[in-house]
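What follows is chain A paired twice: with chain B in the first complex and chain C in the second.
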Partner chain A sequence: MPLSSYFPAFTWPAFAGNRRVGFAVLPLAGIAAALATTAILVWIAGANPLAAASTIVDGAFGNTYATGVTLVKATTLLLAGLAVGVAYRAGLVNIGAEGQLQMGAAASAASAIYLQPIVSGSLLTLISLFAGFIAGAIWSGIAGFCRAFFKSNELVTTILLNYIALAFVSVLVSGPMAASSATFRESERIPASVQLPKLIAGIPLHAGFIIALLSALLVGLFFSRTTLGFVLQVVRFNPFAARSQGWSINRMIVLAMLLAGGFAGLAGSVEVLGVHGRLIDGFSPGYGYLAIGVSFLALHNSIAMIPSAVFFGAGITGMSYLQRSLQVPSSTMFAAQGVLIMFVAAGTALAVQRARQSAG
Partner chain B sequence: MHVRLQDVTKRFGGIAANDAITVSFQSGKIHTLLGENGAGKTTLVRILAGLLNPDAGSISIDGHPVSIDSPKHAIALGIALVSQHPMIAGHLTVLENIIAARAGGQRTIIKMKALRGEVEQIAADCGFKLDLDAKAQSISLGAQKQLEIVRTLLSGARLIIFDEPTDVLTPAESDAFFVLIRRLADQGKAIVMITHFLREAIAHSQAITILKRGRLVASVVPAETTPAQLAELMVGVLPSIVAATEETPGRVRKTVLEVDNVSVEEDRRQIVRRVSLTVSEGEIVGIAGVAGNGQEDLIEAIVGLRQATEGRITIDGTHVGFGETRKLIRDDRIGYVPPDRHRDGLAGVMSVADNLSFEVLERRGMSRFGLRRFQASARHASRLIERYRIQPPRPETAAEKLSGGNQQKLILARVLDRNPRLLIVCNPSRGLDVGATAWVWDSVRRVRNENGAVLLLSGDLDEIRSLSDRILVFFRGSVSGELSPDEASSERLGLLMGGAGGEHAA
Partner chain C sequence: MLFDFGLIASALRLATPLAYVALGALICERAGVINVGVEGLMLMGALAANVVTALTSSFVLGVLAGILAGMIFGLMLAYLTVVIKADQLVVGIGFNIFGLGLSSFCREVIFGVQSGPNASRTEPFPVFDGSWIGSVPVIGPILASQTILSLGVLIAPLAIGFVLWRTGPGLAARVVSENARMADMLGINVTRTRILAVIIGSGLAGLGGADLALAEVNYFITNMTAGRGYIALAAVVLGRWNPYATLMICLVLGVADASQFRFQTLQLAVPPQLWVSMPYIVAFILLLGSRGQAIAPADDGKPYTRN
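Moving on to the complex of A and B:
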């Protein structure tokens, strides 16, 4: 019975409790717990947690430039978060946004650099974005394909694909795509005319921000209004029902993964075209993993992911400011990120479970 | 044990599912709850099992007031509920599922060996032949019910509640079940049973309580009543029934479905062996058989959900194959009500309107350029809700919030409404009250009378007999006999279903 592998152990209506817990506060409790833990980490690192808190807020939103940086991070996080959320809403767990984003960045950079003799300007920008989307889609499509046809768990395959993608980009920028003059592992620079334009002069915020907002909107519409989005959700809520309607579950799994990875690929593209202007080894401080937190905190709702992405973006800029100004080691920052994702995911997962239980 | 509910009330968004119900259950007695779909039976027993909190009223056990605020607490008090749908973890073994009843307690180390002995003892006492090491999802529905009974007994339950227990049991299994609960009652357990089979209620219980729209409307002594009387108390006067056959003699009926030498394999084992059958216009062909004898798999092959390893299936002369299900549904060539509605029928968290739209999702009018049209979908839902009397009549309700019978009506509604050329219905009246059953039988007959072809699969022999024009009996993957409804006595059917006697059909 291969179908059972799609199916959670306890079918609805599972063992339902009836206590009225204010489950809506759980994601917030998750954030609170994460902040408390971070405070302890900061304290261990030898700084005053209260001073640290105001430093973080200052670093993230203290002036227009800082706010711009925060929104730039949020842009990438939002697109990568959509990759997690789209998969999740079709009943799949995509831990591979990081790898998909790397592949997207590579494809985007390669097309922007090597197609210059043929096309240029904003047409090349569009082609480059498109290439990023496709590369990300293919990368997660592999995981979707394996899930559909070999029943391999996409959670595991997407993680494995992350390592391959990271190594692949490293190899690219050390050899085949390496800039001739570079001391770092990086590619040639993409001409400014091909890069994403800045929205406001003097602030790093680029047009990718608009792309991300539009993407979130489109994903929302996709699930709420299209027949395909509807079918994907049936597959998530009850694959058996989808099957007896004659909707191919395998096809839906591949499709959802393709779409999901496409957005992560775009996240890589905007990093290349909007932030760095080239492909750099290690350009992502783990956006693809933070994206899991972005999606969970928003309960996988693409519109709610907008503030969620800003929150996580502020975390990155704020923490790195903290690191610089109070000499808190960077490992503290990574630990704090991990703690945040963990608590937020746990809090929201619990909230969802409680909500379903109390609804009985 | 004497469990008393006093003025128990439970409301769901303004509707009282239970309205000031006072009733008591005693040791030694089998007490049946009757009522139409949505009357509040399941709600009442879920309150007892600690799955729902009542809004008002009180519960006492042997005179002591209790408040049952969790399933764990209910078990500690000796109350256990065997739900309509098996509550099991399919990937765990039968034994693991059973001892889960104990593992929830204080002990952190499970004494597997000792427990195994205890479980074997209980199973043997009940006369069950359970394979304790099989995966729970791989055993039959009847065996899953046995699993749950052993689990309740292991937990030391003294009040055992069964919600529509015989739905998934074969006639023989049902008989054994009633012998067992009689014995449990004699040993001092209190038994509560919910059923829609009025004969069962009269034959096997000592008290009958009837609910209607959340209120207790009558308490009846089984020995002093008749099915007709009970039906009237439950639903009032039954709707008139469409004539069983409206013969137009001499008409040539075209063959709609033709199954020619079809085999189906699973895990390299033949589960359907070279079966041939036909269904013509204006005909209801019934397939009887103990669940798991291949009839469900043949039906999946017919609707294109399963690959036939050999043979040929045609509908109106055109070949149909694996993977064509959606196309067949879209073109109204088939309508398919799967055997296990709970598993295959609904997406429970989605709304009634969404669930009603499944079959017609891509139709013109319901969507345009791949975009759904919500107004059309809402109109469609309202029409079906009204026409098929789905309660509560609110399209935005999550489908899992409907009572069991109303979920069944939802699935039937969206299929029957399409007037498919070939209607394939499995267990259509399972979980339906007498009124709704009469009504559904009516609708199936109407399809036939309007020249549709119907293939009916049912574990309910009464249903098979009253609806079918021809009856095929399935045993171990092949047709073990063909009967006309007049020839189909319970004995005869029973024998054929067990693989004995009867001439082989073509």
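Moving on to the complex of A and C:
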């Protein structure tokens, strides 16, 4: 029996491959809904939506520096978005990217600071990135393990782990890892030779951007070209196939979560090594939660997540510029993102129902 | 002194918002809808209660506003999950992010972008005069000087249990959650039952938020629920979809929450942030014992389509 005969009718991959259900319309409808929400909230906050729109675009892409900042945000969001998407395609809901990112940042900073007497330069950068990946993977792996062997719902465990990770990082930078001369809760600075190099002089865009693009590409190839990637996507939806082929569902759950969390951990590493140069308490403005929107807007396709991450990155920089210039709260963005996710969910349901009806 | 009845009293106070939200989620699940959006509902309820009380200085109006906010957004959630039949988990997560953004947006528009908790501060919530009960051993020290909302949460499971197991609509809801197709064949309107349950449950989630903003603290800040909605969902599972057991789980989590302040005053060589994360760690450990998911209503979380 060929592997493809195990596709149940409307699991995620089959649905995504079915162009007839108006699949491409969904992200556009989601974006339209998010923009409409933003316009309404901007208007409530007492600003002109059209003026705000040009302010947002100006803040996000107004000059090369602003564009660089937008792409830096997109880098972190893309890696964190992969953490949501990889898990979702395996049938798991990972809303713990924020915590996985924190743990990745902590491990990355710790290795970059404490391994300096042993290694240095770009070798230490690689070790630090690897440490971030592993720490993120372990943090989500805990949730995956508990899902597989204790039936603990990963939706709840991942969010609990977020708050534990935030407290853990806060403890680290106010005690064991605190910089000797710090007024803020932050670690010692990582030497410039260990930080990620900037791609173009004078623009904050760092080499993590390449890492994020490569990661998205690799995840895309993993799901479309490898047997393991295929198995990971169908195993949860077809226990019969899993049993007859000897795949362990539990092992696949843990594997999917490990891989997912690894990318979020890498997102934390990239923040530490490419943006801040140190571990700072509360460095993330909710990247892990914005990553949920990044993944849903791309319908969990890792390549589509690249423009999706740029869209959200532009949202962060544009909205913070809007807050500074027109006093419109940047929390507008979270409201718009929530509407986007609800629209994509509703649209998916309607599209699937229509496809079922036309299939008779 | 690490343990005394004062600890139980503050545990009840801290468990009250969580318990209302958990009972609200339980009502939804007892009609077959997993309401993941309770975190966002709680935030909207907290915001509405805080703003209305700050403007009118009426606690009654504030609490009512919290319930109403929960019910209005509950109607929206019911439309998406029951009528459109969108994925309940995804809609819930989306709504929580929406609620986080919208409640924070409203706070910033009303009280100022840079405002701290003081801008939205309200008077302390009046406590129930328990001087007559204070002399009763055990119960006295626990129940005296609680708010009416904390006393209400002790009675709420009785009311919910009575409706679910002793009345027609409660039976209808339970049939819908166990076997929606059979309920439909029996002439029960599955869609209407679920919408009503989600609205009532969401109202309770809003009430939980109102208690958090008015009684547990007396201000509103961004993301003040800090994951309580998700912990409430866990409490329903741990309480095995039983209102009394769910309340007990919330009280256990309340003890974990209350004892962090005790530990902080001990001045141990442990950073205070570690104690802050203790309720989450306790909830996580409790969740490891939630293997008995077979007890979940059979059609919980499954949209129903007649064909």
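To be clear about the criterion, the second predicted complex is superposed on the first by the 300 of 360 C-alpha atoms of A that agree within 3 Å, B and C clash if a C-alpha of one lies under 4 Å from a C-alpha of the other, contacts with A are read in each partner's own complex, and residues count from 1 in each chain.
Everything below uses one rule, namely that a contact is a pair of C-beta atoms (placed from the backbone, for glycine too) under 8 Å apart; a residue touches a chain by one contact, two chains touch by 3 or more.
Worth saying up front: this structure is predicted, and the values here are computed from it rather than measured.
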Which superposed partner A:Arg243 touches (first chain B, second chain C, both, neither): first
Which superposed partner A:Ile203 touches (first chain B, second chain C, both, neither): neither
Chain C versus chain B, contacts on chain A by residue: C
Chain B versus chain C as contact partner of A:Thr332, first or second or both or neither: second
Contacts of A:Arg225 with chain B and chain C, given as first, second, both or neither: first
Partner chain(s) touched by A:Val234 [first = chain B, second = chain C, both, neither]: first
Touch list for chain A against partner chain C, complex: 41, 44-45, 93, 95, 146, 150-153, 155-157, 159-164, 166-168, 170-171, 174-175, 289, 292-293, 296, 323, 327, 329, 331-342, 344-346, 348-350, 353
Touching residues (chain side chain A, partner chain B) in the complex: 1, 4, 7, 9-19, 225-228, 230-231, 233-234, 237-238, 240-248, 356, 359-360
Chain A contact footprint on chain C (complex, rising order): 36, 40, 80, 84-87, 89-91, 93-102, 104-105, 108-109, 113, 222, 226-227, 230-231, 233-234, 237, 271, 273-274, 276-277, 280-281, 283-284, 287-291, 293, 303, 305
Residue ranges of chain B in contact with chain A within the complex: 46, 50-53, 69-71, 85, 87, 89-92, 137-138, 303-305, 323-329, 336, 338, 342-350, 354, 358-359, 361-362, 367, 370-372, 398, 400-401
